[in-house]
Amino acid sequence: MNHSLRGAGFGAALAVSALATPVLADDAPIKIGVIAENQAVAGSSIPQAAQLAADEINAKGGIGGRKIQLVSYDDHSSSAEAVRAFQRAVNEDHVNAVIASYASEVVLALEPWAARLKTVMITPGAASDVITENIAKNYEANKYTFHGYLTSGSLARLVCASAKDMMVDAYKMKTAVVMSEDAAWTKPLDAGYLKCLPEIGLKVLDEVRFSPNTTDFTPIFNKIEGLKPDVIITGISHVGVQPTVQWKSQQVPIPMFGISSQATNSTFWKDTNGAADGVLFQAVSGPGVAVTPKTLPFVDAFQKKFGNAPSYAGYTAYDEVYMIAEAVKRAGSMDEAKLVTAMEATDYVGTIGRIEFLPKSDPHVHGLRIGKGYITGLFLQWQDGKQVNLWPADLANGKIKFPAFVKVGSAK
Amino acid sequence: MKALEIEGLTKRFGGLTAARDISFSVEGGEILGLIGPNGSGKSTVMKSILGVERPTSGSVRIKGVEVAGWPPHKIARLGVGMVFQHSRPLHRQTVLENIALALTPDSLWRLLPDPATMAKARAIAERVGLSGVLDRKPATLPFADLRRIELAKAIARDPAVVLVDEPFAGLTARETGAFSELIAEMRHDGRAVLIVDHNVKSMASLADRVFAMYVGERIAEGPPQAVMNDETVRRVYLGGALTTASRPESAFKDAATPFLEVEGVDVFYDRAQALEKVSLHVHQGEFVAVVGLNGAGKTTLFNAISGLIPYRGVIRREGRSLAGVSPASIAAGGIVQAPEGRDLFTDMTVAENLDMGALRLKAGERTERLDWLFDLFPRLKERLRQTAGTLSGGEQQMLTIARALMTKPDLIILDEPTLGLAPIVMEQISKALERLRQTTDITVLLGEQNVTFALPHADRVYVLEHARIVWEGPPGRFAEEAGGRYI
Amino acid sequence: MARAFGPLLIALVVAFCLAFLPLWVSGYILGLLTTAYYFGVFSMAWDLLFGFANEVNFGPTFLIGLGAYTAGILDSLYQPPIAVCVAAGALAAVLGGVVLALPALRVRGPYFGLTTLVAVLILQNFIVVFADLTGGEIGLTVPDVISVSDKVNYWIALGFMSFSGLVLYGLSRSPVGLILQASGQDAVQAGALGFNVVKHKLASFIVSAFFSGLAGALMVFYLGVASVGTFVDIAVGVQVIVGAVLGGRRTILGGALGAIFLIGAGELLRPLGDLSNFIVSAVALVVVLVFPGGLMGLLGGSREAA
Amino acid sequence: MLGWQILIDGFAISSLYALGATGFTLIFGVTGVLNLSHGGLMVAAAVGAWAAGSYWGFGALASAAVGVGACLILALATYGLIVRRLQLTTKIREEEKEIFILTATLLWGIMIQEAIAYLFTNNAKTVLPIVEGVVELAGVRTPKNELFTALICWIAIAGLWLAVNRSRVGKILLAASMNPRGVTLLGVELSRVYLAVWVIYGALAGVAGVLLGMFLGVSSYSAGPLTASAFSIVVLGGLGSVSGSLIAAYVVGYLETLTAYLISPAYREIPALLLLVIVMYVRPRGLLGRR
């Protein structure tokens, strides 16, 4: 017993001494904890992009002479490990703020800890609306949490906005079926779809929710096809490859349009053996798409340094380091309450658009403001092994194209 | 009031009646021996007393209380102790703790060892002769001491009735004596003791009365000597008058190096010695019978020859040692067993079972061999398409022998071919063996507890008793020289 | 008797020393050990069933999850004192233990194993289906925690593990434990000694469930969250079982040792990234293949290997 | 229309379940081993085939062959490195070997799963389909791939049946499953029999894995659920009974498909699980189990 413990203690102590330096007064570095899922495709970009931002800031002399220092933790997609990492980050490594996770489960587990330990936390990728709802419910306690990515509700509205242009106006579509995995994050998403799709003129024929463990999608597609909608509006993240492949092999004649997180991965084409051809999906970034002047330089730098393209959470994590740095500068102190106020005042043009947090009066306080002039997102399509941006029109770098089996507008 | 009374006990398993209308009683201070060959139903009676089996009808009374249908733990607490043949002590606990366990009340709240219990356990250990090894773990003890632990556990609760299952199996002669004394002491303590064993001889000096069973029914009851001389018992164990057809050993050509030689073979199961310095030999073309009661070591001997279990000593085939040769190679080489458990492929048809024996035969040979076997066992031809599991016991036995013969063995080992068979079926198998012996020059090694069946065929006979060969000779001299040790 | 309590004495001395760990190691290590201690209790409770009652329970997380979620749901709905929630969690697990014991007394071996596995899958499905109550697959955040101090949490976990170890080990070595062991080893012989096998097996399920549920509930109020991934997933159950087998089955204390080793080794190997799980599994496999007595067997020499 | 749909879709998925479970039950029936690395082996087959197609540019058939080959090699490793060692060791009591084999194969399965996640990420992957396109069947547009899957499953199962019931080796396997001692006593080396079973098992699991990857797609996460599903089907059918497993596979497959069509795809698994619990309580030895 002694033996293994001494070993563990020793190894971890080494790791700690390498990372933690004593807290000094004014020129002490600004420390940001980064808790992420390093083995997952989406998560691995988070610490990398954050490091890139920190290096850039430090290369320019830091913030008021203070360097940014990152402390990284891998949570292995586990809430328990994330909580442990958060505790260590605050109590042990004395970080000033934490960038945490793309998984809603993990962020929701950390939210109360941000409140208890009074430390600013921002997520680069979680989608659950509950995160911001919790802040609205108990602002004083939960004000330390910021939602640096789109909530499900926002995602629904962005999908509707693009569907209006791309489906309703372009192809005169009138009906849709919502197809979502049965998960917490899709509840507000579906609610959003059911509300906004009729508003843009798409009648929702049915809402099909399926178990995230589903492997056989045949019954689901058959059921949907029986309803003869013009388009399938998707809300999938846990699954992605399987429904896409079966959509192709069954030759479902209806286009898939909406949220499909796995489709944003650059490996998606290979994973599906090209079945991805024609899949339409919402994203905050796309290859070669200059959403803002900062987008492409970031992608290039990232590509150069790490040899692959960043995931969506990479963009936001990169921006968040800058946002925290600016907030520290505005707050003029490390006091967490002041830092919260300074964060709330954020108005920053990042890699995915202009970022502003919703005010205290909003039911999604500390969520991102969306819409024209802020974040609009993109709409991409897989075409011949490449992700092509189709929307908004001013950022489009291709034309919409469907595989032969999809009968657009004719499925009546 | 008798300590143990059985009345009209009947137990049926499906269509099989394992015990029919059995009645006996044992008083405090009395030892009753319950004997019978394998399959006679004595274990069923024992299990019914213990509550492991629920009797189909009849009554079991302990100290006058009707317990038929009770769960075992209630019967035990009423006053029944059991000395199991196979001891399974707790391996991480000491001898003393193992005995103390038997003294522990059946309560969920007994969390601390009770000093009084420990003292009592010590006292019991002393009585059974374990005081020297109280703090040792069972794994380090000799076999006899493990049996002593079982004995101590059985008497720990001061039961009125003690059942003892095959008390002397695996014990040396000296240990047997010591054990007999311990059992006699139980009688002295006023307990009713029921010893369950195969034959009378082992308990002749110990038991006050003996109750003999055969195929589920009572065949005799009385003082040991009377039961040993009982006509029916003698017929069951020894058979009637014998005609033998033995050939002298000098008639076989391989006198110098017999086909099969077993020399000084020892086999241990855990610490129990199952074979002790066993030597025998079989000549090419000879028919040798090894007779002995169940548990004497016949099956162990055959398994050692077939290479299925590790042994010390030497087993040679035509002068070459079989040590290190795999069981399959031994069988493929021509020493083939028709095992006691039959080991048939029960879901396969008779034809398929026979085919499994013909794996190494050419197609022509196979047909030829089949015809020969059908001639030997005509019943099998009728049953060719039936699955082996649905055959009667006798047919299964024929199939077992036929399957072994199908491989064209040099030596066939027949282990207890008559076990559990009706006399008429035995007769059929006996006839087949007779023909086999007369029409072929096959070598046979037969293991039997049924002397009547074995002797008429044998050229030579070995008697195996308590792991040792105790007699060797021609069948004609068996009854007068060895018969007495047998019942 | 003295020897029987030797390992316990050593363990208690080790636990006493561990109590001073917060004075000189980082909060991160403390957090790590806090989780490891709770897993230690899971493994020890599992070993009581496996090593003594001889019941292979593939679904330890059924009991753990019941305890964790009952406590968490109660807290999020009504916010009674934490002690009440934890007690309710333990009680729910005990009820679950009785439910699990029913098939155990009927079916054996792989069949019982599968029944326990299915119990976990059903629990998991119900958690997702009743997401409004349970938070579904993203977990249930509870409003209260026992403490925000890693030291306090560490001491609570250490104290709880020591207490559980003391009780479970004491129980396993007590007369009742011996009866249970005899019942697991050979029900017929135990019955012939006058022991009610059913009663004792049921009791062992209740005790094992009690500690599993209690540990699960306490862990909820340490983490502040109950989620499928932490408490119910089959992978968690696998870790509990591997911990117990690795530590040395039939030793109770080995469960704690194995669980701490697994979590500690996983952490030590973290620099290897994704390969760490692979290597931990490989090490555990080698131990199972080469040292079937487990870590306790290694520490205690071959004496205990029998 | 709906009836036909359920009938056709349920058939394909059930056939796949059946093939996956057949190998699992064969190994149990003949060697008495419950191989908990089963799901890992199937995933290895699928990912092997995927990698052959997308990294080395193999064609669909060649990729499938690579997948099956990978599975075969891993199955033999499972036997040679783990199961056989545990079966032969004298350090573990016989009655405890079962739990050791379960634990060891479980750990081995996790190793395979983690290795796949490390080498190829844990993204879901699909194997290059051998046939593409759709056909109309009783008014139901059915992917040829689905029919192909069902067809290959049945060819494999029928092949196994023929091999077991018509060939010499098959007869020996069958005999060994009924009575291993009887086989030894007739001069057949059991170790060779076991080796043959593991080879057959590896091929069956490989084919099932590749088809699964082709038809539905798999990720390293699928390993556990695949093992659990095979285990459930085999126990439901009665351990060691191949025909029982086939029936159980169809019961589970159709129950899931019916639930997905008629109730909700969200509750797909639940009725099958409940059925399993009921069977365990009412008829613990499974539908066609003998013991």
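Here the chain labels run A, B, C and D in written order, and each chain numbers its own residues starting at 1.
FYI, contacts are C-beta pairs under 8 Å (C-beta built on N, C-alpha and C of every residue); 3 or more make two chains touch, one makes a residue touch a chain.
Computed from a predicted model, the values in this text were never measured in an experiment.
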Most distant chain from chain C, judged by the mean position of its C-alpha atoms: B
Chain B and chain C: spacing of chain centres that average the CA atoms, whole Å: 45
Chain A-chain C separation of Cα centroids, rounded to whole Å: 36
Whole-Å gap separating chain A and chain B, where each centre is the average of the chain's CA atoms: 74
Shared-contact residues (touching 2 or more other chains) in chain A: 39, 182, 211
Shared-contact residues (touching 2 or more other chains) in chain D: 117, 266-267, 269
Contact pairs between chains, per stated definition: A-C, A-D, B-C, B-D, C-D
Of all residues in chain C, those that touch chain A in their complex: 11, 14, 18, 21, 25-29, 31-35, 128, 131, 135-139, 141-143, 145, 148, 150, 219, 223-225, 227, 229-230, 257, 260-261, 264-265, 267-268, 270-271, 273-274, 299
Interface residues, chain C side, partner chain B - complex: 1, 170-171, 174-176, 178-179, 181-182, 185-186, 188-197, 199-200, 203, 250, 304, 306
Residues of chain A touching chain D in the complex: 39-41, 182, 208-211, 213-220, 222-223, 226, 239-242, 245-246, 249-251, 262, 265, 267, 270-273, 275
List of chain A residues in touch with chain C within their complex: 1-2, 4-5, 7-9, 11-13, 15-16, 38-39, 74, 77-80, 83-85, 87-88, 91-92, 103-105, 108-109, 111-113, 116-117, 128, 130, 134, 182-185, 187, 211-212
Chain D to chain A touching residues, read off their complex: 1-2, 5-6, 9, 12-13, 50, 53-54, 117, 121-129, 132-134, 140-143, 145-146, 212, 215-219, 222, 225, 256-257, 260-261, 264-269
